[in-house]
Amino acid sequence: MESMLHITTLHYLVLGAALFLLGVIGVLTRRNVVIVLMSIELILNAVNLNLVAFSRMWGGLHGQVFAIFVITDAAAEAAVGLGILIAFFRNKETVNIDEVNLLKW
Amino acid sequence: MLEYVKSYLTSSQTPGAAGNMFWVLVYILLIFTGLAIAVMLMTWLERKVLAHMQVRLGPMRVGPHGLLQPIADSLKLLLKEDIMPAEADSFIFWIAPFIVVLAAFTVFVVVPFGPTHAITDMNIGILFMLGVSSLSVLGIVMAGWASNSHYPLIGALRSSAQMVSYEVAMGLAVVSAILMTSLNAEGTGTLSMIGIVQAQQAQGEWFIFKFFPLGLIAFFIFAVAMVAETNRAPFDLAEAESELTAGFHTEYSGFRWSLFFLSEYTAMIAVSSIAVTLWLGGWLRPFPNLLNGAIWDKAFSFLPGIAFLFLAAMCFYNTVRMPKHPLFRVQTIGLAVFGVFLGLVGLVLFVPAVSIRVQDIFWFAAKVAGFMYLYIWYRGTFPRYRFDQLMQMGWKVLLPMGLGVLILTASVALLQQKLWHP
Amino acid sequence: MAPVATPFFFYLLSGIMLIGGILVITRKNPVHSALALIVTLLAQASIYLMLYAPFVAGVQIILYAGGIMVLFLFVIMLVSIDRVQKERQFNSQWVVGIIAATALGGLFMAVYTKGKDIFPEHALPMVENDNTQRIATMLYGQYMFAFEIASLLLLVAIIGAVVMAKKKI
Amino acid sequence: MTDPHTLSHLDLETPEKPFLDANELVINMGPQHPATHGVLRVILRLDGEKVLGLECVIGYLHRGVEKIGEHRTYTMFNPYVDRMDYVAAVSNGLGYCETVEKLLNVEAPPRAQYVRVILTELNRIASHQLWLGTHALDIGAITPLFYTFRDREEILKIYEKYCGARLTTHAFRIGGLQYETYAGFEKDVKNFLDFFRPKIDEYEELLTTNRIWLERTKNVGKISGEDCIALGVTGPVLRASGVKWDLRKAQPYANYKNFDFDIPTGQNGDTYDRYLVRMVEMRQSVRIIEQAVSALPEGPIIAKVPKVMKPAVGEVYHSIEAPKGELGYFIVSDGSTQPYRVRVRPPSFVNLQALDLMCRGQLVADVIAVIGTLDIVLGEVDR
């Protein structure tokens, strides 16, 4: 009980891991590309949580700076990913990821 | 308990910073009731001012000069049937107005009505304000999508595209104002709303006049962007009634529609507060650098009382002008009573102990009210932009201007620090 | 601050985040998923505040909740979803996916139970007041190169997104 | 003509492959829509916000005015024409009375002619005022509407004093006028002119150099003079496209040849030019009324017309320049007391044809502006 009430870095890391797992499950099991992209956002957020938690642990700010870089990457990823999605939808009229099988002839 | 309540009174911090939960709650209540009243007054004022601009009288029936009209309106809206389209996504349709209202009201957590009159002072204050106010886009998009109808969908797409793109220009203008806060001996700026006003106080100059005309241009960019941000005329494309009937809230009615209405006006007050805080010296009285000294301080502390007495005098003047007919008796008496009330408030404001505490709030509110009047004025004067013209204005005019002003401000600030304060 | 506040808010916020995360990956309607994701992101911003990272929290709200999620909602509206909702939601390898994820979760658990002692018991004190300034100094000093790369990346992403989404170039 | 309720006969340049489902929108604007000026229904086909094509569905206000004419005597039909373009009822009456007079071979006495010109030109001003107010309202400027309605009220007061009605006046009779002008008519009209002249400047101050107004109206809804002629478009729309065609000068009717006035034309044929043309027309109307009032002769007000009108067998077409364009009446007489056939050529109906051409490639917001600038009245379109 004592360890439950005293929030340490480990608590944040476990939360991050849980979020990461949710994201992974989403990426691996869902068919809808939009939701797959959202799951990737979940994964990136889990990473950010860890970075900020570590930054808190060591008292430095490097983790926070990296979190900002990750958010930047997430923006770029979302823009390109959704762009691909729109192009894909235009050609195939579907948003299901297992129908993206052009390479599998 | 009483000690805990009283302990804050002697502190010179915001209740949030002092950690006094009781006063935080009191402030929240005060600000939210104040906002609700301000929105009601604003609807009345908008209808009256617009009417007088358009050679008509506006509301005259409910209360003297329509003063009770907002109450009648809100009662009507609350009693109206709440209609939900059969094909709408019920959950999102239900939650969208609440998101918008939440975003509009939450920003007031950091708005400083005076050096201690804010719920709390965050050191990312302005970032918080911009971020939370940008959340209202989500509510608008959801409202438009959930209605499952063409006009709301187009309205939502339009207004979200508009709000997202004007946020960029708005952010650049804000950054150039924040840069000016760092012009002190340590060279450290601040994002805190209170800190920004205090920086203007320390520099003895409102940022609108700083590095003339750079501050003015940044303020202009913000002033245009904030009208677009709140979807008001001439940028009210999302609600362009001649094209899209009512935009994203076409399918809403009754209470939920009134939430959108409430949030629109609250958002107007919020962005005006940002503009006032960043460029117009927040709670500071006018002419801090020209007319300084104790005598001027004393003279300006009378102004709130004088303003209220003036309003009271207006009421009495109109009481006399009321038609002398038995049908108008109640209205005439009502107007006179309202005048007496305003006059009493004015007289109380002359008491030094009161005026010292209240004049900050008065100046802040007066500046915000000036912006509110501008909003109405725009609506009475301008036609509406077309969507592509609006986007061009945002991306091809305001954005380059904002970048230029930012770079120039930075260079001038750097020069000043290198040359005059080596 | 009272010591009970931190655990209370931590558990409240992590509960919101996890429920939000589960909703994201289980909802049929992408708009509902997006709404859940927004709630998750906002809760995470609050957790950043608890971790004395106010600037990251602000960036999280502005960029993620205000920017990226609007983009998502936009695209969801553009691609018609009525049909998609009626189809099968999970792909054919969902069993494999769940097993892989469980394995990963086991790995995490193993690492954290084994190594929980290496984490310091008490975090170092942090000053919140100049957080923004210190991050700015680092971004424009030590991480200048990374910052430039990130802006280049954004530029590439903009061009890429435009090329992808445009009808005719 | 194919079934008007489908889009099948529109030769739209559809892209080879639709972009996204949500981007190929068919929007139904009206018949209950704030900007369609009554009960016009417009089916818009949009690519995003761009108009690929549109179709007007009309007839919601059809009352069979022309058919009614076949069952009424010539005199009895006169009030019905006021109900077509109810904004410019006096012009409608003038057109009908002159056509029947042409059929009967009578001419109204000079005093009646002058009063007719005064009332018709006042009506032109009133019609243009209503157009300006609603057009500006559609583009988003709400204030001009109230200004124009305030000033239009003065004109309606003159009508009310003259014949008791404000909107559907039934001011003229076949062969002249029913009523002698009231005492002080000239003074009222002159007072109105003095009152109104600065008001035009007031309207122009609000709009003519307003940046947003310029951006919203310049290069919007362009139409060339040739296209106008090909589609039969008349009135200010035609003149704004650079064709100097005004029936008051081209085929003078009433006694317009006695007056000195200019015909404004535009060059670009866009919405802004049409706005300017109408503004100048208001000023020119003021000029005409001024001349007519100062030269108002004494004399009889109605020519000798038989109580029971039985025009000789024959047909006649007569058209006048109504505020919205050429308003023509084609009446066939079979020698009885009732016309055999009445056909009206309403300007709004013909001008509405140009809407599709003017809107293609423009944005949705421009459709609103173009509907406003065409200045249609649905009562006249549907008859």
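Letters A, B, C and D mark the chains in the order given here, with residues in each chain numbered from 1 onward.
Note that in this section contacts are C-beta pairs under 8 Å (C-beta built on N, C-alpha and C of every residue); 3 or more make two chains touch, one makes a residue touch a chain.
The model shown is predicted, which means the values in this text are computed figures rather than measured ones.
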### Query
Which chain is most remote from chain C in terms of Cα centres?
D
### Message
Suppose every chain is reduced to the average of its Cα atoms; which one is closest to the average of all protein Cα atoms?
### Response
B
### Message
Centroid from C-alpha atoms only, then distance chain A to chain D, rounded to Å. What do you get?
### Response
63
### Message
Measuring centre to centre with CA averages, how many angstrom lie between chain A and chain C?
### Response
6
#### Entry: Distance from the mean Cα position of chain D to that of chain B, given in whole angstrom
45
### Summary
Separation of the C-alpha centres, chain B versus chain C, in whole Å, is 32
#### Entry: In chain B, residues with contacts to at least two other chains
153
### Task
Please list all residues of chain D that touch 2 or more other chains.
19-20, 22
### Message
Quick check: what residues of chain A touch more than one other chain, meaning two or more?
### Response
86, 89-90
### Message
Taking the touch rule as given, give the residues of chain B at its contact with chain C in the complex, in rising order.
### Response
19, 89, 91-92, 95, 122-124, 127-128, 130-132, 134-135, 137-138, 141-142, 145-146, 153, 156-157, 160, 164, 167, 188-189, 191
### Task
Give every residue of chain A touching chain C within the complex, in rising order.
4-15, 17-32, 34-35, 37-39, 41-42, 45, 48-49, 52-53, 55-59, 61-62, 64-65, 67-69, 71-80, 82-87, 89-90, 94-98
### Query
Contact residues on chain C for chain B in the complex?
1, 29, 31-32, 35, 38, 54-55, 57-59, 61-62, 65-67, 69-70, 73-74, 76-77, 128-133
### chain B residues touching chain D - in the complex, by the definition given at the top
50, 53-56, 150, 153-154, 233-234, 236-237, 240-243, 245, 379-389
### Task
Report the residues of chain C in contact with chain A in the complex, numbered from low to high.
3-4, 6-7, 10, 14, 17-18, 21-22, 24-25, 27, 30, 33-34, 37, 40-41, 44, 47-48, 51-53, 55-56, 59-60, 63-64, 67-68, 71-72, 75-76, 78-79, 81, 84, 87-94, 96-98, 100-101, 104-105, 108, 112, 116, 119-121, 123-126, 131, 134-135, 138-139, 143, 146, 150, 153-154, 156-158, 160-165, 167
